[in-house]
Structures are given as C-alpha cells and as structure tokens.
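After this come two complexes, each holding chain A, first together with chain B and then together with chain C.
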Partner chain A sequence: MEWTFIDSWIIVTGILSAMSCALLGNYLVLRRMSMMGDAISHAVLPGLAIAFLVSGSRDSLPMLVGAVGVGVLTAVLIQAIGKLSGLDQGASMGVIFTTLFALGLILIRQAADHVDLDPGCVLYGAIELTPLDVYTLFGWEIPRAAVTNGIMLLVNVLFVVFFFKELRITSFDPALATTMGFNAGVMHYVLMALVAATTIAAFESVGSILVIAMLIVPAATAHLLTDRLVAMLAISLVVAALSAVLGHLGAITIPTWIGFRDTSTAGMMAVAVGVLFLAVFLFAPRHGIIGRMVAQGLLTLRVNRDDILGMLYRVQELSGQRSPAVKTDDLRKALLTGGWVNLALADLLRTRMVRRTLEGVVLTESGLSSAANLIRSHRLWESYLCGQMGFCDAEAHYSAHQLEHVTDEAMQERLKRAANYPTLDPHRKAIP
Partner chain B sequence: MPGSSIKRMVSHGLGWIAAAAWVWFWPDLAHAGGLGDTGLQWPGWQELLRVLTLRDYNTRVVIVGTTLLGLAAGLSGTFLILRKRALLSDTLSHATLPGIALAFILMTVFFGDGKSLIGLIAGAAVFAVLGTGSVLVIERYSRLKDDAALGVVLSVYFGLGIAIMGIATRMETGNSAGLTSFIYGKTASMLLFDALLIAVTAFVAALLCLLFFKEFSLVCFDADFALTQGWPVARLDFFMMSLVVVVTVVGLQAVGLILVVALLIIPPSTARFWSRRLSVMLVLSAGFGALSSMIGAAVSALMANLPAGAVIVMTASSLFFFSLVFGTNGGLLQMALDRWRLGKKVMHENLLRELYEWQEIAAQQSGAIADKTRIDGPRLEELLPRRSWSVHGLQKGLRQLIRKGWLRLSPEGRYFFTPEGVLQARAVVRKHRLWEAYLIAYADTAPGQVDWGADAIEHVIDERIIAELEAGLPDWTPKAVPESPHELIRSGV
Partner chain C sequence: MSNLSEFENIADAGQETAPIWINDLTVAYHRKPVLWDVNLVLPEGKLVAVIGPNGAGKSTLIKAILGLVPKATGDIRIYGRSYEAQRRLVGYVPQRESVDWDFPVSATDVVAMGLYGKIGWLKPVSRRHREQAVEELRKVGMEAYADRQISQLSGGQQQRVFLARALAQDAQVYFMDEPFAGVDVATEKAIVALLKELKTAGKTCVVVHHDLQTVTTYFDHVVLLNMRVVAAGPVEEVFTEENLKKTYGGKLTLLSQALHKYAQQPGIGTGGAKGGHR
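Entry: the complex of A and B
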C-alpha cells in the first residue's frame, strides 16, 4: 500500500460529502423521515436526465437546478399522495420514488446518444477518480468534487446555524411550531430541497449509496448516544468524518489481506459507518444493548446479595445463636436463582460481608449490620403496608420483598413515621 | 333508486371512456413529453401483431416471465402494504447485494463458475433474511424508529455489497460482468430457465395465498386479535415476509432492484382504490401487476430504446394514478362526488328547516295554527341573513327544491311549501329537534346551546338512529313535530 496525494484528496472529498449529508440527516432521523433520503436520492434521476437533455452538458448548475426541482417535487408528491389516497407514508414514498426512478432510466436511455451518463456511476460513485478532475484555485489544484462538496457543506452549516431554532421546533413539535407562527411546511420543503442539492453534490463524487448511508447512519448513531440536539449534530459530524477516513483505509487495506489490491471506497465508507453504528448500538452507555444488559446484571447481582444477607439474618434470628453457619447448597436451594448465587456470594466474600467456614458461610460484623438494615426495610414496609394500607396477606410480603432492595435511610425514616414507629412487624417479629 | 343507479352507470361509463382515452393516447403523450427527437421508432402493425401474439420465442419467454412475476409480486405485495411495511421491500432488495456478490466469489473460488443462478439467488435470499432480521433487531432493541432502522440496514448492507462487488470485479477468474443485472435487471434477455423459476414462484405464491388466506387476512387486519385467539402471529408474519423475500430475489434479476420494489408496492396500492376486501384486493393486485408487466415487456420488445423494467414501472404507476382519480373506493373523483352530494343534501335540509321555522314563528305571531302551505313564506332577501350562504348558492338551492316539487314561488317573490314539501320539512325538523331533546336529556346541554350541535349532525341521522333516539326519549310523541326547546329567532343572527 502506498499513500499518495490522491488518497489524501479522496479522504478530504469523502469527509466533506459525508459531513454535509450527515448534518441534514439529523433532521431526517428526528422527523422520522429517514427513508426520504433514500427516496429523494433515487427520485432525482429524472431531474438529472432532463437537465442533461435540456442543457446538453454535464455542467453542475443545470444538474443542481434539475435535482433540486425534482427533489422538492418528490417531497410534494409524497405528501400529496399520502394525504389524498390515505396510503401510509412508506407506500406513497415507494410509489413516487420508483416511478420517478423509472422515468429517469427511460430518459437517460433516450439521452444516451447525446450525453455520457452511466447509471452505474450514479449509484456507485467514482470517488477514486475525483482527484483527477481538478480546479486550480489560488495556485492550488483542488479536485472539483472537493470544492462542490465543500460549498454544499458550508451551505448546510449556514442553514442549520441560521435556522437552528426553527428547525428544532419544527422537527420536535410541528404542531407547537405552527401555533407559534413558524411555518412547518416551508421548513419541510426547504429541508427537502437542501437534501436534494446535497445528494446531487455528493452523487457525482461518491455515489448515491454513500449519500443514503451518510444521511441516515451517522445521525442514527448519534441519536443512540445523546438526547441533546447540539451534541447529536456534533457527534454525527464526527462519525461521518471518521467513517470516511476509516472507509478509505479499509478499502485499500482489507482486500490486500486476501490478495486483492483494493475495493470500492464508497462501499467501504458505508461499511465503516455501519461498523461504528453497530459498536454504538451494542456499547452505548444508556441506549446500547450491552450497556443495558450490564446494568440489568448489576441489579440482579445486588438483589441476590441482599437476598443472601436477608436469609443469613433470618437463620440467625430463628436459631438464636450468634452467627450460625449456612451451607452454600441450602442457600442455593432456598433462593432458586442458580448461578447468580455463586456470583453474589463471591461478591459478598470480596467485600467481607460474609466469611467462609468449614460448616458454611457466616455473617461478619459489617455483614450483620447491612443485613439488619435490609431486614429493617423489609419489616418497615410490611408494617406500613399492613397498618396503613390494609395489605396484610402474603402479598404484602412480596411487595416488601421487592421494595426492600430500593429503600434508603431517608425512606426508612419516613416509613417509620408513617407507621407510628413500630417495633414489631405484622408477623410479630422484631424490627431491628 | 333508479336515478342513482343511472348516475352510477354514467360515472362508471365516464371512467371507462377516460381509461380508454388514457390507453389510446398514452404513446402520443409519451411522444409529446420531450422524447420526439430521441429516435424512438414506432413499430408497424405487423410487428405489433407479432409481439402481441407471442410469435417470437424470445418475446414469448420475456412476456410470460414478466407477467408471472407481476402476478406473484402483486400477490405478496398486498400483504406488505396491508402490514404497512412497503419500504421493507426496498431495504430487503438492497440488502441482497452482499449475498449475491459473496455467493459469486465463493462459487468462483470453489466451482470456477460464479454465475449459477440458483447459487446467486440463495446468497441473495440469505442476506435478505439477515437484513430483515437486522431491521427487527434494531427496532426492538434501540430507540430508533422503523424508518431509521430501514435506512441504516439498507445503506450499510448495500455499501457492503458494493465493497464485495468491488473485489469480485477485480478477480481474475470468473466473469463478473453480468452481476450488475441484479441491480438494473435484464428483462429483455430473460432466459427460459429464469421464466420457469418465476413461474414456479408465482405458482407457489398463489397456492400459499389460497391455503393461508384466512390466517394471512387475520394477521393483516388485526394482528392483536389474532394473537389473543392463539394464532402463531409471529410465525405467520415471518411466513408472509418470506414470500416477499422469495419474490424479491427471483424478481431482482428480471427487472432490477428498484423496479422489483415498484412491482411489490404499486399494484397493491392501486388495488386499494377499487376494494377493501382482501380477496378482491389480491386478485386485482395480481391482475394489475401482471397487466403492467405484460404491457411493459411488450412495449419494450417493440421499441428497443425503452428499458423493459422502467416501462413496466411506468405502466404500473399510470394505472396507479388512473385509479387514484377514478377508483371507486376512495378515488378522488368519487370522493369529490360524495362531497358534492352531501353538500347538496345539507343545503336542501337547511333550507327546508329555515322555511319551516319561519312559518312556525309566523303561526305563533298570528296565534292560529294554520296550514303550512298557506302561510306567507319568506322572500329571498329575508332568507339570506339567516345563514352564511351566498346569494348564488341560496338561489340555486331554492331552484332545486322548486324543481323537486317541494316549494313554489309566488308572484310576489315569496317561497311556499307544497304539501310534499311540508312532509319533507317535517322530517328534517323532527330529526333536528329529536337530537336537541337528546342533547338536553342525556348530555346535560343547555337548551340555548343545543341548536348548534343538532345543526351539524341532523344531516347524517338515519332511520335506525331515529328509532333509537325515540326509544330513549319517553315523552316523545310518534310522528309529531314538537316545539323547539329554544326560542326561534325571526330575522338575522
């Protein structure tokens, strides 16, 4: 692998187009219109074709005009069909964008004699070739695609900065926005026009597939990490840039492992952002799967620890001895939780709440006080539930059993006060 | 009523004429749409006849194959639309790409030839299922909504596919040239084997729809109810989606990625404008799918410059837009007609009640209960301020009532009831007051407030509700029109 200026420019172009897509994508994801990016990026095809047929060239300006026109038309049509026909948004989107795409294919076929336009190029993009087509700017040779996407990024950033408030309120609560005098509809169509323009700017260089990936995936990733809009925008931009870099690196390194030179950079950028999404999906602290599983596991562990302590305390209370030993097997049989008991026991041994003796496990001093605390919570709840709320049957025991794990000192005090400072619980057992 | 059936025949007839015009002028319209100078060759009659009678072997294979595909897609797409999962087909078809590319590479490495259709389709199917699974997992275990889940899976899988395809095209052995037909389709060069595969798929799809009709309709229309009745909803759902997967992967190489999505979505959406019964929808959807595929393939066979897949989709969506306007179930024309009829009915009933109340007031003032046909009716300008109606609309309404024989116009410009008119007006006023009495008795509405509520609903109360209202109001004398519970105001509001 050899790093050249071409690779640098590929990455720069990739970063610019990815970031300009990702910025707008946040609002698509928040408005639950992610698939609109997909629809528009397919539907602009006839706009391109008509621009070619009319202007007879591949200049950027006519293409931009054609794409934005058809992009807004797509949004209007999807809205109108949905409203008129009662089809759900997905179906009306499906009808409109496939129709426009087919129209585009036919037009391109008719235009094929005049203009060289390969639908394959539109779909895959040829980011690898972009550094060859350069502008000379202030004595620097800059790829045209980098300039186009850079301008588009600038436009999008300005749009988001200037209309930040309007975008936020129309995205989160269109009804409120309308009552406050913002026109949610206008915001929607301006956003769609910008999506179409961004799509077309990125199309030429990176292809539609990367456009769709960068519109949706970075924003979705950011949405899993934060609840704040500004943070979401920032994270999505970082994810987009990161995946552009990783994608190109992947495209020129991974195939060499199995004996090939390289593969499609646009494709690998989409894969890279997918990998980042997967990582966040699994490991995000609050919304990730693993994060949630860990939190749940910790809770289960705590409940099991408490149950073991409670049981040891009750055995001691019944036997009247000081710190009787209980066999691990008996614990396991009584608590019915299998493997968790071992983990909880290990944790108790580690924190010196219990000791292991030849006859079984024994409470230590600190174990005894925390067990007493737990039993206090349990019996206070029972007293309160029976005395104040009239639950005196077995149900009260189960409720108390669940509540005891989440009761702190302050809560105990309030329970005591509410239950008139009881000394015995409803089963006539002493409250420690 | 004979009148309404004639009207229906007329409106249907207009529909058919419009349909015929659409079909007749469609080529001209397409011709006018900027394609004039692009070298479209219009076929001669002989060629047309040859294609339509399936004289050529190639044309025969292509037309039969695509028609069957349209049929199968129409059937399975109906479930997709009813389950509100239209765009799942989009995600699913994009997600097949890595499967196709991977299968190609593996088969090239192990067998030397990577283009076995069955192998490619198997690869596609595996990844279609994986993609669907990923969508479900993302929806289930994260805060992302279905749209984002669909978008993420679509783009990432397709990107992966492009990346693997990039490797496949750089392989020295094997010829990857035909692989892109999975994205764009290669309808015109469909082989007999492809057509047979499609035929088997279509047959299986139709058979399954027949066998599982009850189960599928239950899951489509009320999945929760089906669940409470003990049906294995998740498994049936998976089964339905598998049908979609199979049709998608088989259709991919025939019409291409986007266009198979169109075939799955557009015909069922079209069928919805003609019926809400699942059985009828299935038949219509299959028919629309088959018809548009057949027309598309035939047109493409006649005109070399038109890609078949695209023409098929354009035909299907022409049918869609036609049905959107002319459909008998929620079509725009029909809805406009319904609204117009309702507006007319409301106008007439409002007029009748105004006139009736006018005369009640007159009778009160003169202190004698007189014959309603004899009391001096209001003039036009006296009627005008009673409601927010336009002069023109009021005149039109009055003219229509005169034509119906319910009113007559005296030489001095006053409107009188005919005996028939009194009967009609009594019925309307009775409905109005019945509802007012109901509002007072059951909804604790103040008598001064009930007029407005009754005014809105009186037009849609039918015989059954009248009977129910009468039963609920014990001091209600049958057939009589009671006095208004609130004061009637003679002029202006």
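Entry: the complex of A and C
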C-alpha cells in the first residue's frame, strides 16, 4: 500500500464535502427536520437531469442552478402538501421526494444513451476519481471537486457566521422570530436552498448516501456532547473531518487485512461517522448510555451503603450493646438488593466504615458517626412529616427513608427548626 | 340599525389611539372558521385576560394580531397602524410547549433573543446585550440560572425565562399565551408581580388565561371569547355568570352550529374559502 497525492486529494475532498454538509446539518437536526436533508438530496435529481438536458453539459453552474431550483421547490411542496392535506411532515416528505427522485431517474435513463450521468454514481459517488479531474489555479493543479466543495464550505461558513443570530432565533422560536421581523419562512427556504446547493456540490464526489450521513450524523453526535450551539457546530465539523480521514484510511487498509482489495471510500466514511456516533452515544459523559448507567449505579451503591449503616445502627440501638456484629447473610436478607449489598459492603470495608469480625460486620467509630448522621436525618424527617405535615402512618417512614439519602447538614438544621428541635421521633426513638 | 352605527362610532373612536383595535376579524383554518367577526378595542395600560373554552380561538386571536396566521377578513391596528409598522412596540410570550427546550442555548441566550429586534439583521449579540439579558433575568429572580442550558430548568423557571425575554423586548403592548399554564406557586406569584409592574409602567398586557378563579384578582379587563367576542370590558362589568354561561355553556351554541353547517356546504366562498385561496 503506497500513499500517493491521489490519496491526499481524496481525503481533502472528503473533508471539505463532509464539513460543508455537517455545518448545515446542525440546523436540520435542531429544527427536528433531519430527514429534510434526505428528501432534498434525493429530490434534486430531476433538477440535475433537466439542467443537463437544457445545457447539454455537466458544468457545475447549470447543475447548481437546477439543484437549488428543485431543492427549494421540494421544500415548498413539502410545506404546501403538509398544510393543505393535513398529512404530517414525514408523510408529505415521503410523497414528494420519492416522486421527484423517480422522475429524475427516468430523465437520466432517457438521457443516458448519450451521457455518462449514471444512477449508480448518484448513490455512491466517485471520490476515488475526483483527483483526476483538475483545475489549474495559480500554477497548482487542484481537483475540481475539492474546489467546488471548498467554495461551498466557505459559503456555508459565511452564512452561519453572518446569520448566526437569525438562524438561532428562527430555529428555536420561529413564531417570535417572525413577530420581530426575522421571517422564519424566508430563513427556512434560504437554508433549504443552501442544503440543496451543498448536496449537489458534495454529491458528485461522495454520492447521496454519504451526503445524508454527513448532514445528520456529525450534528447528532455533537448534540450528545454539548449544550452550547457554538460548541455543537465546532464539534460537528471535527467529527465530519475525522470521519473523512478515518473513512479513507479504513477503505484502503481494512479490506486488505482480510484479503480483499480496497473498498469504496465514500461508503467507509459513512461507516466511520456511524462508528463515531456510536462511540459518543455509549461514552458521552452526560448524555451517553454508559455515563448514565454509571451515575445510576453510583447512586444505587450509595443508597445500599446508607441502608447497611442504618441497619447496623438500629441493631446496636435495639441490642443495647456497643458495636454488635451482624452476619452478612442477615444484611442480604434484610436489604433484598442482591449483589449490590456485596459491592456496598466492600466499599464500606474499603473506606473503614465497618470492619469484619468472626461473628460478622461491626461499625467502626467513623462508621458509627455516619450512621448516626443518617438516622438523625431519617428521624428528623419523620418528626417533621408527622408533626408539621400530618403524615404519621407508614408512608412517612417510606418518605423519610428516601429523603434521608439526600439530606445534608443545612437541611437537618432547617428540619430541626421547623420541627421545634425534637429529641424523640414519632416512634419515641431518640434522635441522635 | 342605529345600534350598529353607534357601535361603529365607538370602534372608530379607538382606531387611532387604542393599543389594539380590531374590526371584523375572521380567521379560518381550511374551511372551518376559528374566529368569526371579531370586533375589539382594548384600552391602554390595562391587564386584559382572554378567556374561553378550548378551541375558542384564544391563541388564534393573538396569532392573528401578530400576523402569524393569515386573516380571511378584517383590519387590525396597533396604536393606529398596521402590525408590521409597529413591531417594535409589541412583545410576545408564546406557549411554553411551542419551542424545543432541548435546544442548545442558555437562559441568557434565550433572553437575549428579546433584543434581536433592536439589534437588527446581521449585527452580532454583544457583551452589553448579554449583560442586559442577565439584568432581565434578575427581574424575574432567575439570575442564578443565567448560564444553565434551558432543558435543566423546571417548567416554571422556563416560563420565567420567557417573561424575561419579553421584558427585554421593552414593548408597549404584550401578548402572552397561557403564561400561567403548569407553573409552580412561586412562578405564578412572580408573573403576577411582573404584570402589576408592567401595568404601573403604562404597558398593556393581553393574557390568554385558563383559571376563571383568578380572573378578578389578577386582571382589570376581560375578553370572553368563543369564536366570536361574547363580551369584553372591565372585569366588574362583564365577568358575570350570564356571560360565562354564554361563553362556556354548551359546546355547540346556535351560532357555531350554523357555522358548522355553513362550512360543510360545498362551494360557498366566505372566510374559509378565501383563507384557503390566499
């Protein structure tokens, strides 16, 4: 495997097209119209075909005009059909884009006798061939696809920078935006026109599947990682660029490991961005699945620790002895939380809240004071709930049992004051 | 006939000066009229409740005034001129459910949106604007949450962010769509205090309201709406049991039955059809 200038240009083209799609994709994802990218990227096909039939060439400009025209028409039709028929947006999208796409296919087939515009190319693109079709710019040979996608990226960046505020308000609250004179409808169609233009620029090199992936997946990934719009835009661009690099590297290396020749770069880029999304989905600190599971687990562990301490304290109180031992089996039977008891017990042993003796587990000094603190919270809550709020039945015990885990000293003070500094709880047990 | 011309005189009287003057407004979705022949003049510096059963067209009335839904017929003036000419005098608080609270913006960002109209096209939000936004958050007791992402706020807090945004708009007339819906006691108090303050400052507030119990304590003026204006005026005069019965009593009043039949007739070109052919 040898690295050539072709590989470099493939990656550059991939990065530029992925980034220009990803940037606009943020606004599609935030406006909850991700599939609009899908619809427009398919629906522009007849625009391309008509542009070709009219102009007789595959020049970028007529193609762009055709695509933007049909792209905006698609957005208008989807809106109109949805409004007039009462169908939801998904259904009207499905009707419009499949019809237009089919129309495009027919037109291309009609023209295909004498042109090299073929449907397969529309789906997968031909990024591997783009470095061969070059412009000469200031003495440099630059692939045409890199130039078109670069210009498109620049246009999109300028659009997002200059209209940052307008895009934000029309995306978040279109009604308010419109009352203020920032016409949300106009912004919508401008955005759709740019999506169509971007789609068409990226289309030729990377194909429609990658266009759809890049419109949605980097933005969706970024949305999982941040709560700030600027950060979301930046992260989506990084994800897009990264997946272009990983995609090409993957395309030329992974198949050779299992004895095949290299595979489609565009396809591999789409896979790469999907893998990046999956990784973030699993591992993102706040919104990720694993992050949430860990947080949940830590909470369960803490509740179990507290419950063990509480039980040891109550046993000591009932027996009247100093630090009586309790068998691990009894703890398990009382708490009924299975393996969590073992984990919580291990944690308590580690932090020296309890120690193990021959007869069972025993509270240490620091364990005793934490346990007393917990019981204080519990009994203060019971006193407050019964004395002040009038809940004196078993429910008060359950509420206190839940609240004791989240009660700090400041809260204890407030409870004491509210319950008139009680010394005994409603069951006539001492409040430590 | 003499009654009618008298009414028209009254209506004309407010045309140039009233914060809100509406003549013969009809709004239709598809063929079905939602608002029918609404005439309304609202006085300046009052807290006005708009009440009526579900589907009475309360939100639609506000949206029609703000140009968010097309009107089939009618004329609407804000201080004597069209809405488009008076945008800067108007503040709007949409229903809380109308936006996506997972949107990646902070409370300050949302409040700063109230200033966008003043900032104008293409100009960025400056530090001064953000400081003003935090100042508005302080007025609704939310400055501690200025940097929070909005999904991390409770429903009541979100509503207060919306109110702070309306304050940032620094308007003369405010339209609020159910600001009291699903909020906690603290927020309800905050909203009431804010409404009083706005009134003291001479602003007019038109509030879509659901809780009939609180109409007399919170508001000075009331509009009873059920597709048409059943009654409008000072609370003590028009908030009567008889008017309430007329507004809420029986889902299908004679008028709405007639309208319903009317809408079902094919090929009749009134409000509904006009709205559709816009």
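Observations on the model:
Keep this in mind: the second predicted complex is superposed on the first by the 431 of 432 C-alpha atoms of A that agree within 3 Å, B and C clash if a C-alpha of one lies under 4 Å from a C-alpha of the other, contacts with A are read in each partner's own complex, and residues count from 1 in each chain.
Heads up, the rule we're going with is that a residue touches a chain if its C-beta (ideal position, glycine included) is under 8 Å from a C-beta of that chain, and two chains touch if they have at least 3 such contacts.
This one's a predicted model, so the numbers in the text were calculated from it and none came from an experiment.
With the two structures aligned on chain A, chain B clashes with chain C. In the superposition on chain A, A:Phe172 makes contact with chain C only, while chain B stays out of contact range. When the two structures are aligned on the shared chain, A:Asn420 is found in touch with neither chain B nor chain C. In the superposition on chain A, A:Phe163 contacts chain C only, with no contact to chain B. Touch criterion not met for A:Ser319: it reaches neither chain B nor chain C. By the touch criterion defined above, A:Gly181 reaches chain C but does not reach chain B. In the superposed model, A:Leu229 makes contact with chain C only, not with chain B. The larger set of touched chain A residues comes from B, when the choice is between chain B and chain C.
By the touch criterion defined above, A:Gln388 lies against neither chain B nor chain C after alignment on the C-alpha atoms of chain A. Shared-chain residue A:Met268: touches chain B; no touch with chain C.
Of the two partner chains placed by the overlay, neither chain B nor chain C lies in contact with A:Thr351. For chain C, the stretch among 81-89, 99-107, 135-143 or 243-251 that collides with chain B in the superposed model is 243-251.
Overlaid on A, the two complexes show chain B and chain C touching the same residues of chain A, namely 32, 84, 86, 223. Partner chain B is touched in their complex by these residues of chain A: 29, 32-35, 37-38, 42, 50, 53, 81, 84-88, 90-95, 98-99, 101-103, 105-106, 109-111, 113, 119-120, 123-124, 207, 209-210, 212-213, 215-217, 219-220, 223-224, 251, 255, 258, 260-264, 266-271, 273-274, 277, 281, 287, 289. Those residues of chain A that touch chain C in the shared complex are 30, 32, 84, 86, 162-166, 168-169, 171-173, 175-182, 223, 226-229, 231-232. Chain C meets chain A in the complex at residues 30, 63, 66-68, 84, 87, 90, 92, 94, 98-100, 103-106, 109-110, 113, 116-117, 119, 121-125, 149, 151, 165, 169, 276. Residues of chain B touching chain A in their complex: 34-35, 38-40, 81, 84-87, 89-90, 138, 141-145, 147-148, 150-152, 154-167, 170-171, 180, 183-184, 258-259, 261-262, 264-266, 269, 272-273, 305-307, 309-314, 317, 320, 324, 330, 332.
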